[in-house]
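One chain, subunit A, links the two complexes that follow: it is found with subunit B in the first and with subunit C in the second.
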Partner chain A sequence: MFVVVLVHLLVAALLVVARRQLERWAFVVGALGPLATLIFVVANWGLHHGEAVTEKWDWVPAQDLEVSFRVDGYALIFLLVVGGAGLAIFLYAQRYFTPARGPTMFAATMTLFAGGMVGLVASDHLLSLFVFWELTTISSYLLIGYDDRTAQARSAALHAALVTGAGGLAMLGGFVLLAEASGSYLISEIAANPAENSFAVGLAWVLILIGAVTKSAQFPFHAWLPGAMAAPTPASAFLHSATMVKAGIFLVGRMGTAAVATVDWWQPAVVGIGLVTMVVGGWRALRQYDLKLLLAFGTVSQLGFMFLLIGSGIPELVFSGLAALLAHALFKATLFMVVGAIDHEAGTRDLRRLSGLNRSMPVLFAVAIAVSLSMAAIPLTFGFDAKEAAFHGLVHEGVLWVAAVAGASVLTVAYTARFVFGAFGPHVKGQEPAQGRRLRLSNLLLAAPATLAVISVVVGFFPALAFPVVDAAAEAVTGVAEAGELLLWPGLGPPLAWSLASLTVGSLLAWRSDLVARAGDAVGVVAARLPSGEGTFRRFVPGLINFADRSSGLIQNGSLPTYVAIILLVAIVMPTVAVLSNGATLVAPPSGTLLEWVLGLLIVAFAVSLAFVRRRFAVVILLGGVGYAIAGLYAVFGAPDLTLTQLLIETLAVALFALVLRHLPATFARTATARTPRLVVALLVGAFVFAGGLVANAARTPSRVAETFLAQSIPEAGGSNVVNVILVDFRGFDTLGEITVLVAATLGAAGLIRPVIRNRRRS
Partner chain B sequence: MSLISLGVVAVLFAAGTYLILQRMLSRVVIGLGLVSHGANLLIMLSGTRPAPPPVIGKSQVAAVADPLPQAMVLTAIVISFGVTAFLLALALRSYLLTGSDAVEDDLEDLRIRGIEGEEKGASA
Partner chain C sequence: MRRSRSSPILSAGVVVVSGPLLMFSAYLLFAGHNQPGGGFSGGLVAGVAVLLVWAAGGIDSVRRILPVRSNVLLGAGLSLAALTGFAAFLPGLAFLESGYIKLHPPLVGEIKIVSALFFDIGVYLVVVGMAVGLVKALGEEESAEAPEVGA
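And now, the complex of A and B:
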């Protein structure tokens, strides 16, 4: 598995490095990535009964951080889609781009994405899954914004990246919470022993669901996916229909069984979200004129369908969901490539301006028909086989379930008809037809969609071909083998009745599309008043930036005193809260000896006058007074070394101040700083230190370190003055460091002063 | 630690803070010096009472003052002198170059406020 991911990364790097040499064959080279994936899939074909290929690389062993891959049947079906659809789309892209447009970077990004997707579905460690997840988000951003000269592409790319990125962050939080509660970061272990429900675990599942919902464009975060259609068609076909948007579905499937066992809201939430997404996506698809947007909303709807089935954790539904996943990858990637070919040749994707393509592009028409039947789930197609399996499972769950999904499927049938008739049907009156260019497709542009269509048709007729893959995948996550069946003819029964009912109603809707349009206008009037996904996002981002400007303008007002005051107040509040909430014992201190009082009052008098005196030389003298009085206090408390040091340093400091202040004006200039707030903050700091000192005083315990020092001073260092021994012997290196600091400060001060003084002398 | 020495520490902190919270760099340096004095005293005096110096052979080992805070404070006194000297040089250079040792408002921060003001004006 490492080899496969590495091949992707190396090919992507090669494309970047040798972009000039590989310009003509960029996508063929890039196709080596998906090809490696496919080879891996074939080599491991038929993984069954909980078998898995595992590989592990210790990344940061001390932190239990590892990249560990575990490919079971469930990962394999996703790898099949990534490799298969990838290979077809890469070859298609080779012809789609003309070399003049410099698509090498595009090919490199697509390959990088494919590597990320492979790593994502194969990861067993939650954090490596997250890393690959974000890799797909970033490459998706680059691909949507590929046409960086248009503002629309840039803003769509940002929209997609912000929504999926925010979801990814939420998911990361969920992963950490879940892993801490479960005691393991390995998905396989979490799935085997789900953590018991608690507040943290519940929150973790909410966050993980948010990650899945945003990535798979589920309601209410679906709006980014249609926007992402600004990307060139190969990217839309690969990322935004076949693979990346299925990452969220992958996640709910992978963890769904554990989630259902832990939290009781998971199943209704997933099913509800999926159902609403199905309806919203299907309805919006019916109202589109751009073929690509129609497919995009159709994808939203289909993703809702798969989300509902695979996330439900019910074995039979998971089984049918995985079959639908395969079917969807086959028909939707093909349809995107068909639209790309139409756009490429006819110069438009507007279904009002296209007509008669069934005659000018017969093969493309046949391909489109073949897979569209599968999308609409017409009998004898793969889409039908999958949907039949779903209805079979849903009937077991209850009539409401099946009725809801069948109702939503009506829309699928209707928008499929809209797509086919819109693209290939006769000309609509009153619309200017497109100025068709050559309307002759190159074979390469046709080969890839045709191949996928053939596979789709063959699998539709022989669903037994797909059964082992789907069954192994379902068994890997649910533990139940043969939970469902894929049958060409399911036999008469309720599931078939539901299928036929939704087909009939859907066809009626397609037939009376004018009624749909009128109803759509009526709904549109109402819907315009409701907040839409796109509009909300568009208002949200500037609002957020505006809020950031305002709040930082308020807090960060440019004044240094304000910043210092804020820092001090926070420093006061935090420990105060901690002490108050934990309680502290206070011991009344002794009032102090007469000598202490004399020295103390002197210091107080000097310090207070220092704060208000404006003449500089008075300041120097007062400062010296404070220092000498403190030296006296040290003597009282049995620290002759300190007294000595303090006296020396204070003398030096007074001399230094005198030398510097000589150059400055005789008095301090008055500045426009408000006095009262300064005084309040200063008094608060004083009170805080006083109270803190009382608390600390009562909490002090005799020092054990000092006892060792006192006992070892003579035997180890041969000195009787313990303070000196500590400084030059026990902690000698600290003193060396202190001397270094002094030297650095001296050099710095000299460097600051000397040039200025020299200049003054010269002038 | 006696009531009066704790009071001295508190006053040193308060006066130092008052000086730090204004714009003249040379007064900020003096304020920092006062706060350093206060911090040194606090470390040195916490939980002690007047005692003989920690010199072995002069008095009973059990009765002497704690040598560890003394060693730490001795280091701190010297270091704070080094910092004070450096800051004074900074203040002096600022004065010699600009004619004032006041700290002006940060231009970049003012710019952010300016953007906010413009947007307010535009939306109003």
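And now, the complex of A and C:
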């Protein structure tokens, strides 16, 4: 498994490094990734009864951090989709892009995405699953925004990334809560021993569901998916129909059984969300004129269907959902590629302007019909086999369930008809028909969708071919083998009746599409008043930026005295509260020698005079005097290292200050602001430090750390200056951090000073 | 204190003083493990020397004497310190844990080399880099006619 992920990452890296050399064959090279996935799937064909291939790499064993892969039947079916659809779409993309546009980076990102997807479905550790999850979010962002010169693509990419990214963060929170409650980050262990229900565990399941809902474009977060159609068609086919949007479904399926066993709201929530998504997606698809958007809303609807089946945790429904997953990957990826080919050749995707493509592109027409029948679940197709299995399971759950899903399926039939007649039927009167440019498809552009269509048809006629894969996948998550059946002819009975009913009503809807349009306008009037997903998002982002502007304007007002005052006051308040709440005694220091008194009074004298001096240079000298006197105190107390460092620091600081003063006026300007607040802050700081010294004096106990350091200095570190040994050895990590800060501060200071001085010199 | 007006006495003084100053700086660095001193204080002394050179000969003298960009010093110092930490992995020690070897070259007596010395040299380079960077940034003239202010 590591090898498969690694192949993706290496191929992506290779495409980036050698982007000039590989420009002509970028997608063929990229296809090595999906090919590796497919080889893995074939090599492990027939995993069943909970068998799994596991691989583990310890990263930080002390923290239980590891990259742990566990491929069971359930992961295998997703790998099959990622590898199979991936291979077809990569080969299609090779012809779709003209080399002049330099699509190598696009190919690299697609390969990176495929690697992320493989890692995601194979991960057994929650945290590595999250990392791969985010990898798919980021690559999706890059692919949607590939055409970065159009504002629409950039905004759509941002929309998708923010929604799925926010959901991913929520999911991460849920993962941590769940893992802490379960005592393990391994999904296989959590599924075997689900944590008992508690507030934290309930919250964890809510957060995980949010992650799944955003990723799989479920209501009310579905709006990003149609926007994502700004991506070039190969990315839409691969990410936004076949694979990435199924990550959320993967998650609810993987965790669903454990969730259903823990919280009783999970099943109604998942089924409700899926059902609403089915209806909203299907209805919106009926109102689209852009073929690609029509398919996108259709995907939203289908995702809702799979979400409710696979997330329900009911074995028979999970089984049928996984069959639907395979069927959907076959027909939807194909239809996207068909739309891409139409767009590529006819120059438009507007179904009002397209007409007669059945004559000019007969093979494409045949391919589209073959898979559209499957999408509408017409008998003798794979889509029908899967939907029959679903109806069979739903009938067991109750009339309401099956009626709701059959009702939503009506819309599927209707928008499929809209797609087929829109693309290939006569053009709408009053619209200028598209001028076919060449209308002669290259074979490569046709080969990939045709292959998928053939597979779809063959599996439709021989559903037994798909049964072992689907059954093993369902058994891996539900523990129940042979929960459902995939049959070419299911026999007379309630499921078939529901299928035929939804087909009939759907056909009627398609036939009287003018009624749909009128009803749609009526709904549209109402819907316009309701908050829509896109509109909410468009208002949300500027609102957030506005809020950030105002709040940072309040805190970061640009006044240095204010910053200093805030920092000092916080530094006073926090320890004071801590000391007062724990009770403290004040112990007066020992009376002190004459030398200590002299040095102490010297410090006071320098400090007091500082407040009355107006010349900047005098201020610097007096500050240096304070520092030297303190160094004297260190020497008296017997700390040569501190004395030395303090003296040197003061010398360098005074000299550097002098350098700064060259660029400033000689005296301080009289400030307009009130002095009283400054005086108050200054006195508070003085009082705090004084009292703090007395408190610390009382709290002083010999520390064991010091003794250890003294004893260990020579044998452990071979040095007799314990101060230095602490700096470079015992606390070497701290020192490394400090010099890193020093480097950063120097770079920052020099970077800020230079342009100012250069500007002044120029003016 | 611009270069054109710098006093000859100061220039001569700097020439005399800076040599011993740098030797003292090196002494502090190497003696630090057993005597007061170390990379930090050693670096500060070298920084003072750089400032004296600036005071005597201006920014151009600093550039002439130290033809290295301050960022190179900073980066080299930080890398050396970090690499010393990682080098401890080779003999199976923990990050930054130090070891030492004793050498007995003829006539000199025993010399003990502690791995922490390389860490300290890294600290030294960072501190010197800081001083050079700030002197170069602040020591530039704003304009030829700017009135001399303060120092």
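The definition used in the following text is that the second predicted complex is superposed on the first by the 559 of 763 C-alpha atoms of A that agree within 3 Å, B and C clash if a C-alpha of one lies under 4 Å from a C-alpha of the other, contacts with A are read in each partner's own complex, and residues count from 1 in each chain.
Operating definition for what follows: a contact is a pair of C-beta atoms (placed from the backbone, for glycine too) under 8 Å apart; a residue touches a chain by one contact, two chains touch by 3 or more.
Not measured: the values here are computed from a predicted model.
Once the two complexes are overlaid on the shared chain, A:380 sits clear of subunit B and of subunit C alike. In the superposition on chain A, A:733 makes contact with subunit C only, not with subunit B. After overlaying the two complexes on the shared chain, residue contacts for A:678 are found with subunit B alone; subunit C is out of touch. When the two structures are aligned on the shared chain, A:687 is found in touch with subunit B, with no touch to subunit C. Contacts of A:721 after superposition on the shared chain: both subunit B and subunit C are touched.
Among subunit B and subunit C, the chain that touches a larger number of residues in subunit A is B. By the touch criterion defined above, A:761 reaches subunit C but does not reach subunit B.
When the two structures are aligned on the shared chain, A:753 is found in touch with subunit B and with subunit C.
Within the superposed three-chain model, A:573 lies out of touch with both subunit B and subunit C [touch as defined at top].
In the superposition on chain A, contact of A:553 is made with subunit B only, not with subunit C.
Once both structures are placed on chain A, subunit A residues 616, 640-641, 645, 649, 652, 656, 660-661, 663-664, 720-721, 723, 727, 735, 742, 745-746, 749-750, 753, 760 are touched by subunit B and, in the other complex, by subunit C.
Here subunit B touches subunit A in the complex through residues 1-24, 26-27, 30, 33-34, 37-38, 40-42, 44-58, 61, 64-68, 70-71, 73-75, 77-79, 81-86, 88-93, 95-97, 100-103, 105-107, 109-110, 112-113, 115-117, 119, going by the rule given at the top. Note for the complex: subunit C touches subunit A at residues 28, 32-41, 44-45, 47-48, 51, 54, 70-71, 74-75, 77-78, 81-82, 85, 95-100, 112, 114, 116, 119-120, 122-123, 126-127, 129-131, 133-143, 148-151.
Listing the residues of subunit A that touch subunit B in their complex gives 546, 549-550, 552-553, 556-561, 564-565, 568, 589-593, 596-597, 600-601, 603-604, 607-608, 610-611, 616, 619, 623, 626-627, 630, 633-634, 636-642, 645-646, 649, 652-653, 656-657, 660-661, 663-664, 668-669, 671, 673, 678-679, 681-683, 685-687, 689-690, 693-694, 696-697, 700, 703, 705-706, 709-711, 713-714, 720-723, 726-727, 731, 734-735, 738, 741-742, 745-746, 748-750, 752-753, 756, 760.
Interface residues of subunit A facing subunit C in the complex, by the touch rule stated above, are 616-617, 640-641, 644-645, 648-649, 651-652, 655-656, 658-666, 717-721, 723-725, 727-729, 732-733, 735-736, 739-740, 742-743, 745-747, 749-750, 753-754, 757-758, 760-761.
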